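Listed next: structures, encoded as structure tokens.
In the two complexes that follow, subunit A is the common piece, with subunit B as its partner first and subunit C second.
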Partner chain A sequence: MNKVFPNKAALSADLKNNPTLRAEIRKQRVGASIRYIILLFFGLVMLYPLFWMFSAAFKPNHEIFSSLSLWPKEFSLDGFINGWNTGTEYTFGRFFLNTLYYVVPKVILTVISSVIVAYGFARFDIPFKKFWFVTLVATILLPTSVLLIPQYLMFREMGMLDSYLPLYLPMAFATQGFFVFMLIQFLRGLPTDMEEAAQIDGCNSYQLLWYIVVPMLKPAIISVALFQFMWSVNDFLGPLIYISSVEKYPIALALKLSIDVTEGTQWNEILAMASIAIVPSIVVFLIAQNYFVEGISSGGVKG
Partner chain B sequence: MSKVVFENLTKVYSNGFKAVHGINLEIEDGEFLVVIGPSGCAKSTTLRMLAGLESVTGGSISIGGKVVNGLPPKDRGIAMVFQNYALYPHMSVRENLGFGLKLAKVSKADIEKQVNEAAELLELTPLLDRLPRQLSGGQAQRVAVGRAIVKRPQVFLFDEPLSNLDAKLRASMRVRISDLHKTLKKTNRSATSVYVTHDQTEAMTMGDRICVMKDGHIMQVDTPANLYKYPKNLFVAGFIGAPEMNMVETRLDRTGEGKCHLALSSQMLGLPDEKLQRVLTNFTEDVVFGIRPEFIKLADENSPQDEIIKGTIVRMENMGAEFYVHFTVEDRELCTRVPSDVVEAKLLDSIGKEQRFHFEMSNAHIFDKKTEMNISL
Partner chain C sequence: MYENKRLGLLYISPYIIGLLVFTAFPFLSSLIISFTDYDLINPPEYIGLDNYRYMMDDDTFYQSMGVTFAYVFLTIPLKLAFALFIAFVLNFKLRGIKFFRTAYYIPSILGSSVAIAVLWRAIFSLDGLLNSFLGIFGVEAISWLGEPVFAMFSVTLLRVWQFGSAMVIFLAALQSVPQSQYEAAMIDGASKWQMFTKITVPLITPVIFFNFIMQTTQAFQEFTAPYVITGGGPAKSTYLFSLYIYETAFKYFDLGYGSALAWVLFVAVAIFTAISFKSSKYWVFYSGDKGGK
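== the complex of A and B ==
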């Protein structure tokens, strides 16, 4: 198989004269086809609910549960139009904006605080560093629900209920251990020579972070931002607990709202809005996907 | 003035490992000092302490008369070239060169001027807008050197800067760095350089002086020629020179008042008068006899009788211009360098045959086996 063929004609001539080689190639092709068929099948199984959601959004309500076909018999945009207007005094656009009001600060604060903390862990000698690191990892393992009640009481005392502050304020203190951990692992994989060179060039610790570490951390930072963005947009529990007035509802709560208020649930409206709701996540992911994949893989492997 | 002085410099790591054992060293203003030693001899640690990247446990470091122990790297007036270049990957060559100046808040026009000047000196001008990943190893190393020059430091530090380059490039960069040092010196810019390497060719060709280190101790500091000719101890003798110095454990025999002979297996070698005097003052029986391959010649009628040893040739390596001829004296193997024409005239088909060799004893060394010091200096 290692033979070098000078050109295609010679290759086919060689193939003709060499039954074992031919059989070998055929075997490989068959193997590849089987692999792809299996992958394709499972891929479609995974994506089916998504396709179903998109197609159902274009169906009238009565058709959604009566036909298995992905292609709508009666094509209708009613779901989108009515869904956008919602049963409340606000349009769905309002809920979109509401979502951004807490997701954007949340992402920014997470990135800033996690990078600073990770930098400290990865590059400085802190007293009892091992203990603090173990504590950090332990917080990752702590179930979120354990914190719900104490946190709620705390924010109630601070008078922050029905505002977005409880949703993003904790992020200013690098409370999501997973991101800090991910960044630490990534930083540990980076050689320190550049930082030493920069120290000699005259950087202090903050300049080092800003001019050297952050640019090198870019893939990991983008992964953190992306994860935080998607998880925050999808977060249901947080807003459910802290946001009580409808005018402040984010998408996650607004979708649930449509199920609550109408008697016969307008599934096409919900599915249409759900389809729109996932668009930002998908767009952001596609824009950042190169960095994202690099960030996850190097963060994991090099640690 | 940018004289560097180490006084009783010590480094102990937090795990208790003592890396540097109180070294004393003076590096003169404008001098090019090469620090050489096997891996783990703390040469890089010493350099990093000088740079301020590693804390000092004891003793002091001063640059230009000022003790810098507690100063951060940026306030020491140094620039460093790293083994793997350590260029900032997200900055262009121009930004890499000017980064130090930018931090020092030098005006844009001045940065531009100094960067261009350094780029010209190192022929980097066409590469100024490239990113480090678009450079070859040699180019990247030149940028690293340029980054150091732009800063106009008092002291240049080099941490094995050429060991990532291939042999040919290494040779040309070696010359370049030497020339650069001379140029800087001529233009009256401070050019004190400390260059760490494990490559003895670099050490011999580049250094005004060489500092040989072993296990955190300085073994000897001297000019390349003196280091080669007059090694103070066994380690330096064995470390400098290729092929290595022949070393034979043997004994000194007193053969009467003010006389002694060196036993090489059953044969005896005499010592010339000036060596004899020195050896007798530090006399000890158990010694190591060392002689460089080039000081063993084929014996002829003029060779003094007490400097002739009979040996059997076991192997000849053709190096082109010369041969390395390995021979045994009973159970000891030694090596000599013989020019190719002499081999062709006299030594063809001589493997396995006995040959008389002339050991030039005036160039031989005798080391105390216990203290490993050269007692014939």
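== the complex of A and C ==
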């Protein structure tokens, strides 16, 4: 980056008899310290609420707002125990499972349909290709609220209300243009000579996709799966509209329910469950963070 | 690459079906529904432009539209400026950069969840974390979620807090600015600030534009945060448009009016996006194949 002096040997020789150069080095050191201080300050301010939430989950209710300390004075698991049992007849574990019931199919269907469609877009000559591609970008920018009511009526007509189908069925048709777009960008950046060689060897397009393109696309596929996982777990409006019976509630609705029921008084329970709710996302992110960063920067910047 | 047109069409056929069934058909249907009076129980009744006429006198409509634009105009510049600032600070060969990048990215992974909205309520409620903190300095408890201006501020802050994804995109762009450009400017005696405004910013305008478009489309649709944190209140001061559409259609079961509202939002966003794209000709500079160096 701002490395002004690439050659170290030349640098140390210059340093001895060049005061301005020494001043420059000092300036850079000061600059680096300022950068660290800024980063540390904002990092702390930003992450403090999250740490505080985790610690509050272990505090008894009366201590939560009386001290800012991240370490509980009185260590208590009441928040977790009562929160886990919830005010309903189901435990929070049930709501966790419910979440997986639609997040897993959603991720799988998104990956399969998006890869197939992106392959078609990136490697084939298609009638009206420009037009289809424009619609793809347009759907990314389209506010989804304009589709909400008719989609609800459609799923109602098909008898799918209060089931998870409306949440994941559309994913089988590559309806999230963002992912298709991301994969197309990635595919366009890949060399095609392997595919050409395989084609000469007699591979058909389906074999090409499965044996050559998919392995090469793997990093991008993982990015798609991870983003879809995070977005689906966080999704609130979808379940809010389609899921009505408590036994089918996912985490998002269960948390909203618990804060409504307790009117925000049992904070230790609520914060304990909110903490548990975000743990899977944090773990997945920490394991796979490079895929997030690469996915977002390649899909975005090269656009 | 491959000539077989029919085969290509077969590969993108899931997309075409999805586009027709789950996007194009609902898109046009909602326009038709917006000309009806429909409560889910009785069959829809054609009422022409009545929904739109009613909207002209609907105070909640103006309030909600105003609040939504205020929200977008508040969050986007703040979020993008902050994202660019942190990316600029991070764009340096220092130890621990990866750690900071991770730490800053985490909020944008979690930010749109109900869990974080719940946390926000715990922070900004009257006896919440922020007031406890300010209490140390003798500041009297402020009703963050009870005062219109502060409530908007609290909800806005949650979106700014999620600046990580925009920052990562900025960082990638900053890293791709050729070093030679800075060296040349340095020889000419340019200051750090001059280098930033005259070299860095123009070179990354395509990315600024990309972030701007993506972030505004999302901000116009914000739902979870205001719904969970404030419920749209107090006095509808955080009653974003998606809340109004949701409540009209799924709480009061006025699907006709809900569709009309949704279409007005769509038109407003479309105009906004069109203006953004038009204006981009004057401030976004493409190098390489598009502009020609």
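By definition in this document, the second predicted complex is superposed on the first by the 259 of 303 C-alpha atoms of A that agree within 3 Å, B and C clash if a C-alpha of one lies under 4 Å from a C-alpha of the other, contacts with A are read in each partner's own complex, and residues count from 1 in each chain.
Going forward, contacts are C-beta pairs under 8 Å (C-beta built on N, C-alpha and C of every residue); 3 or more make two chains touch, one makes a residue touch a chain.
Source: prediction; values computed, not measured.
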Simultaneous placement of subunit C and subunit B on subunit A, clash or fit: fit
Subunit A: partner with more touched residues, subunit B or subunit C: C
First (subunit B), second (subunit C), both or neither touched by A:Q207: first
Contacts of A:P215 with subunit B and subunit C, given as first, second, both or neither: first
Touched partner set for A:V246, first subunit B, second subunit C, both or neither: neither
Angle, in degrees and to the nearest 10, that opens at subunit A between the C-alpha centres of subunit B and subunit C: 100
First (subunit B), second (subunit C), both or neither touched by A:A198: first
Partner chain(s) touched by A:L21 [first = subunit B, second = subunit C, both, neither]: neither
Shortest CA-CA distance in Å separating subunit B from subunit C in the superposed model: 7
Contact residues common to both interfaces of subunit A (with subunit B and with subunit C): none
Residue numbers on subunit A that touch subunit C, as the complex places them: 1-4, 32, 35-36, 38-39, 42-43, 46-47, 49-50, 52-53, 56, 64-68, 113, 116-117, 119-121, 123-127, 129, 132, 135-136, 139-154, 170, 172-175, 180, 192, 195, 205, 230-231, 233-234, 236-237, 240-241, 251-253, 255-256, 259, 264, 267, 270-271, 273-275, 277-278, 281-282, 285-286, 289, 292-293, 296-297, 300-301, 303
List of subunit C residues in touch with subunit A within their complex: 1-5, 7-12, 14-19, 21-23, 25-27, 29-30, 33, 86, 89-94, 96, 100-107, 109-110, 112-116, 118-119, 121-123, 125, 127-129, 131-133, 136, 161, 165, 168-169, 171-173, 175-176, 179, 182-183, 186, 207, 210-211, 213-214, 217, 220-221, 223-224, 227-228, 241-242, 245-246, 249-250, 255, 258-259, 262-263, 265-266, 269, 273
Contact footprint of subunit B on subunit A as seen in their complex: 191, 193-194, 196-204, 207, 211-212, 215-216, 218
Interfacial residue positions of subunit B with respect to subunit A in the complex: 51-53, 72-74, 78-80, 82-84, 86-90, 99-100, 103-104, 147, 151
